[in-house]
Amino acid sequence: MKVGVITFPGTLDDVDAQRAVRYADAEAVALWHGDTDLRGVDAVIVPGGFSYGDYLRCGAIARFAPVMQPVVDAARKGMPVLGICNGFQILCEAGLLPGALTRNSSLHFVCRDQWLRVENTETPWTTRYEEGAEIMVPLKSGEGGYRAQKSTVDELEGEGRVVFRYAGGNPNGSVNDIAGVCSANGRVVGLMPHPEHAIDALTGPTDHGLAMFKSLVESVVAA
Amino acid sequence: MARVVVDVMPKPEILDPQGQAVARALPRLGFDGISDVRQGKHFELEVADDVDDETLAKIAVGLLSNPVIEDFVVRRVGQE
Amino acid sequence: MTQLDTVAHAAETPDTEQPFRELGLKDDEYARIREILGRRPTDAELAMYSVMWSEHCSYKSSKVHWKHWSANTTPEMKAKMLAGIGENAGVVDIGDGWAATFKLESHNHPSYVEPYQGAATGVGGIVRDIMAMGARPLAVMDPLRFGAADHPDTRRVLPGVVAGVGGYGNCLGLPNIGGEVVFDPSYQGNPLVNALCVGAMRAEDLHLAHASGTGNKVILFGARTGLDGIGGVSVLASDTFSGDEGGSGRKKLPSVQVGDPFTEKVLIECCLELFAEKIVVGIQDLGGAGLSCATSELASAGDGGMRVELDKVPLRAKGMTPAEVLSSESQERMCAVVRPSDVDAFMAVCRKWDVIATEIGEVTEGDRLVITWHGETVVDVPPRTVAHEGPMYERPIARPADQDALIADTPDGLTRPRGEEELAATLMRMVASPNLASRRWVTQQYDRYVRGGTVLAQPSDTGMIRIDEETGRGVALATDCNARFVKLDPYQGTQLALAEAYRNVAVSGATPLAVTNCLNFGSPEDPGVMWQFEQAVRGLAEGCKELGIPVTGGNVSFYNQTGTTAILPTPVVGVLGVIDDVRDRVPTGLGAGQTLLLLGETHDEFGGSEWANVVHGHLGGTPPKVDLAREKLLAEVLAEGARSGLLAAAHDLSDGGLAQALVEACLLGDVGASVTLADDQDAFVQLFSESAGRVLVAVPRPEEMRFTELCAARGLPWRKTGTVDDESDALEIAGVGAFALADLRAAWEGTLPALFD
Amino acid sequence: MARVVVDVMPKPEILDPQGQAVARALPRLGFDGISDVRQGKHFELEVADDVDDETLAKIAVGLLSNPVIEDFVVRRVGQE
């Protein structure tokens, strides 16, 4: 199975996302921001970084990149899409996920090993976790505060679409401690913390993030 | 050529940590009498004369601001 | 507009007054330029010479001391170096066909003026140095020095610097794997912002900066050129442009540069693709002195001359003069030499990355650097005279008159804590003191995970990154300098800095291999400062010879002073080590089931110690003794222990002594420990002395015998100091007290947030 | 109470990577005719009537802007 990993100018964690895909025994396919088709991949990861420098607003410019049109089309048809950090911001800007990410309440960039509670284990990216499981993965962002209209937040909570919640302290002022959410059909997931940096305790705090990529492989193979 | 200004501000109901940080700092620095501060972005564009208001609004809403959390105002401020 | 100052015009107007003094040139230096050229320099030439002959670019006060490097580099040491002093960065062979390159550089003054941008562009500059060697930059480090922690201006400078280091490095996608934060009032008006970058490449891909091959093209690529950092040179602009709008106003130009990390990130990827396609003959970064430096260095390192059409340079500001274009320090630019047949391919790669690239000249026959402006010649010089044959000074050296008094003022008479209660209180006070407290407030603003190769980073003693994912080969790096030691004895103090960085690398399980440095000192015109400098260079060079690891490069920053008071002499030393397999790395934090051993010997040494500083505000006496043979032995035992799995954790002893090391090792492992001090030595000395050559190690209990036998066989003194007690949540030191981890953590982690949040 | 607006912009000779990023994106999105974009900050303050212009200038220069690299403009825009 093939998982596309998009590189925009300024993307940083694409190598990490590709490595995570390989660790889950899938093939990583590099997708370039200028691509207009998805090269036959079964799922797409929009990785972290600072696309186009993110000077204007995180993800604001990347969402217009040519590759985003086929991503949006495929996601609407149910292709699994994962946005990590800047990728989450881009998916929100592109309208695939609700809400927006804003400046951390501390006004500082924060890099730390963060506990998360997995609250939805039905998405293709989370089937391998037990509901309520706590996992530790790195969080590293300056604009990670999740915000949305109250009605949107209520809807997310009501429909069980909060996929990850910060545990042990809210690092950035996100509403309801939200760390990650999914689309209405559950196929598109975005989160601020970085599961791809937690696939091996040698280079990350834990290997708790690997199960996300393994979940995907299982879900796609089962489908 | 015309100069166009676009101001983008966080929506009133959205938390503005930057503005709040300023508001908190003011009394510490001895400045009283400022009851609220909000911080947004200010853009200055040099625009050809044939760019119409509709196009400017599209740029403001589509690129310069995020309607989920921000409001904007467009103003033409001068001719060159 | 007044007339362009061409070479022909300069020849015709020999008597024109030139503002060379405002540009920082001495009368005899100006006279020498006239002699070299056989006429007065043009404005553009004067701009070039003045920046390139500045202290910062020409090393005119320090160069005479470089003889110590060469005199102390043995053939075996040389053999490890693929490129050494004189190149953009040193390159060492790390095995399996891999080469690592690393360098430290300062950005002190700009960071005082504008902390965020100064620090940001400091990171950007050192990263381009690494790119200029043909390597992929892999990680950065940031040794920092600030004024007193509680001084109001430190609240301006520190958060700005930290945000700048993070803002640039994070956006560039380079993990920050370590650094230093040190407070001392001597840095009040002159903080030190040093930055290190390390990169790696296949050894055969090493690129050196030279322009050879007549007909080859010179291509400038990256950001546009603006009026950044040309503060000094604007005196020329105001002369030529007086009256018009770009003229006199420019005198007020701030010499501040703004960094654009996104452009640099794209530039990195673009360069790596150019290297991979082998379409670069030579490459040079543009840093201080901008195009003046890049063109003259490329030309003088090559085998021909160079011709540059300066008006082709893409500009960001209107009405820039040739002198301004040559001296602009706009960031995020590189200059490459490319064969004509490769130019199209070069441009295609740049287009892919949306990088502006412009052919601005070519390599010519002969040995002149000729620069034209809209067809008229504004520069015609022998490039070596600009780049390498600048003035060289043998500055007067004199041991400061008060050095003896400083040494005589020993810490022996300072009141020491007595009894359990006083010792315990001292420990808690030390742990929370600004120089010993946790650096987390700083380091959590830095991405240490990006690229997925970080094996160790803050708060470990050393940063370690994996270079080869197949084999696990990696490098480890540490930077250190206790400037208080250097002040007391610059020779020995610098060797202590070397020893500490070396030891920090060794505790990670890596084998130290090579050295870089950033020598931060006061004014070279002060004979006392020059004495410190000379002693430091000699100490470092001779120390490296004894350890058998070469100095591969470095940087000198003079004129670090507030008013006329110099900073503490601060020769920051960076040591790079190699580890065959990063899976053998040794962490700093303790874990269950471990026995604690103290390697090395403790003496009553408090000169320059953190205890004397924190408790008594005292600086005097002599620093701890250095024993480099001991350091070497320690490193060998540690490497062997790591390789054979005998080491579960290790933490070197430095500032704050054993007490600090125990607290940190417990907090990082989140486990308690019970510790017994030796009964034949004073408890205070054992806890707080800063004797060198010591490491706290933790070995799995079943391996205790094997490890101590290894030490005994090698003649390394060791002593069992305790055991990890994971049932307990306290550090218990018999005869001193039990310290709850929660209390220790609150004290250790609370200090910086209280100061800077 | 008065509303005061402070606009803070990078000095003209200082690189403005933010504005440039927008300027480069516009033609890609099909918007032509915009020759230059600069991006700064926009503050809105609620200010008591007895706060004078001098105080506002001090706030602008000391807290809202960085005089080394930025210029600012203060405007009173209305009474409430």
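Every chain is named by a letter (A, B, C and D) in the order it is written, and numbering of its residues begins at 1.
Simple rule for what comes next: a contact is a pair of C-beta atoms (placed from the backbone, for glycine too) under 8 Å apart; a residue touches a chain by one contact, two chains touch by 3 or more.
The structure displayed is predicted, hence computed values, not measured ones.
Of the two chain pairs considered here, A-D and A-C, the higher C-beta contact count falls to A-C.
Centroid to centroid, with C-alpha atoms defining each point, subunit A and subunit D lie 34 Å apart.
One finds 40 Å separating the Cα centroids of subunit B and subunit C. Spacing of subunit A relative to subunit C, judged by their CA centroids, is 36 angstrom.
Distance between chain centres (mean CA atoms), subunit A to subunit B: 29 Å. Listed for subunit B are residues 63-64, each touching two or more other chains. Shown for subunit A are the residues in touch with two or more other chains, namely 52-53, 55-56, 61, 64.
Within subunit C, the positions touching two or more other chains are listed as 260, 262-263, 354.
Those chain pairs judged to touch are A-B, A-C, A-D, B-D, C-D.
Those residues of subunit A that touch subunit C in the shared complex are 9-10, 12-13, 15-16, 19, 49-50, 52-55, 108-112, 138, 140, 142, 194, 196-197, 202-204. Put simply, subunit D touches subunit C in their complex at residues 10-11, 13-17, 20-21, 24, 66, 68-69.
Partner subunit B is touched in their complex by these residues of subunit D: 1, 7-9, 19, 22, 25-26, 29, 31-48, 50-51, 55, 58-59, 62-64.
Interface of subunit C with subunit A (complex): residues 163, 166-167, 170-173, 260-263, 265-266, 353-354, 443-455, 466, 469, 582-583.
For subunit A in complex with subunit D, the touching residues are 52-53, 55-56, 61, 64.
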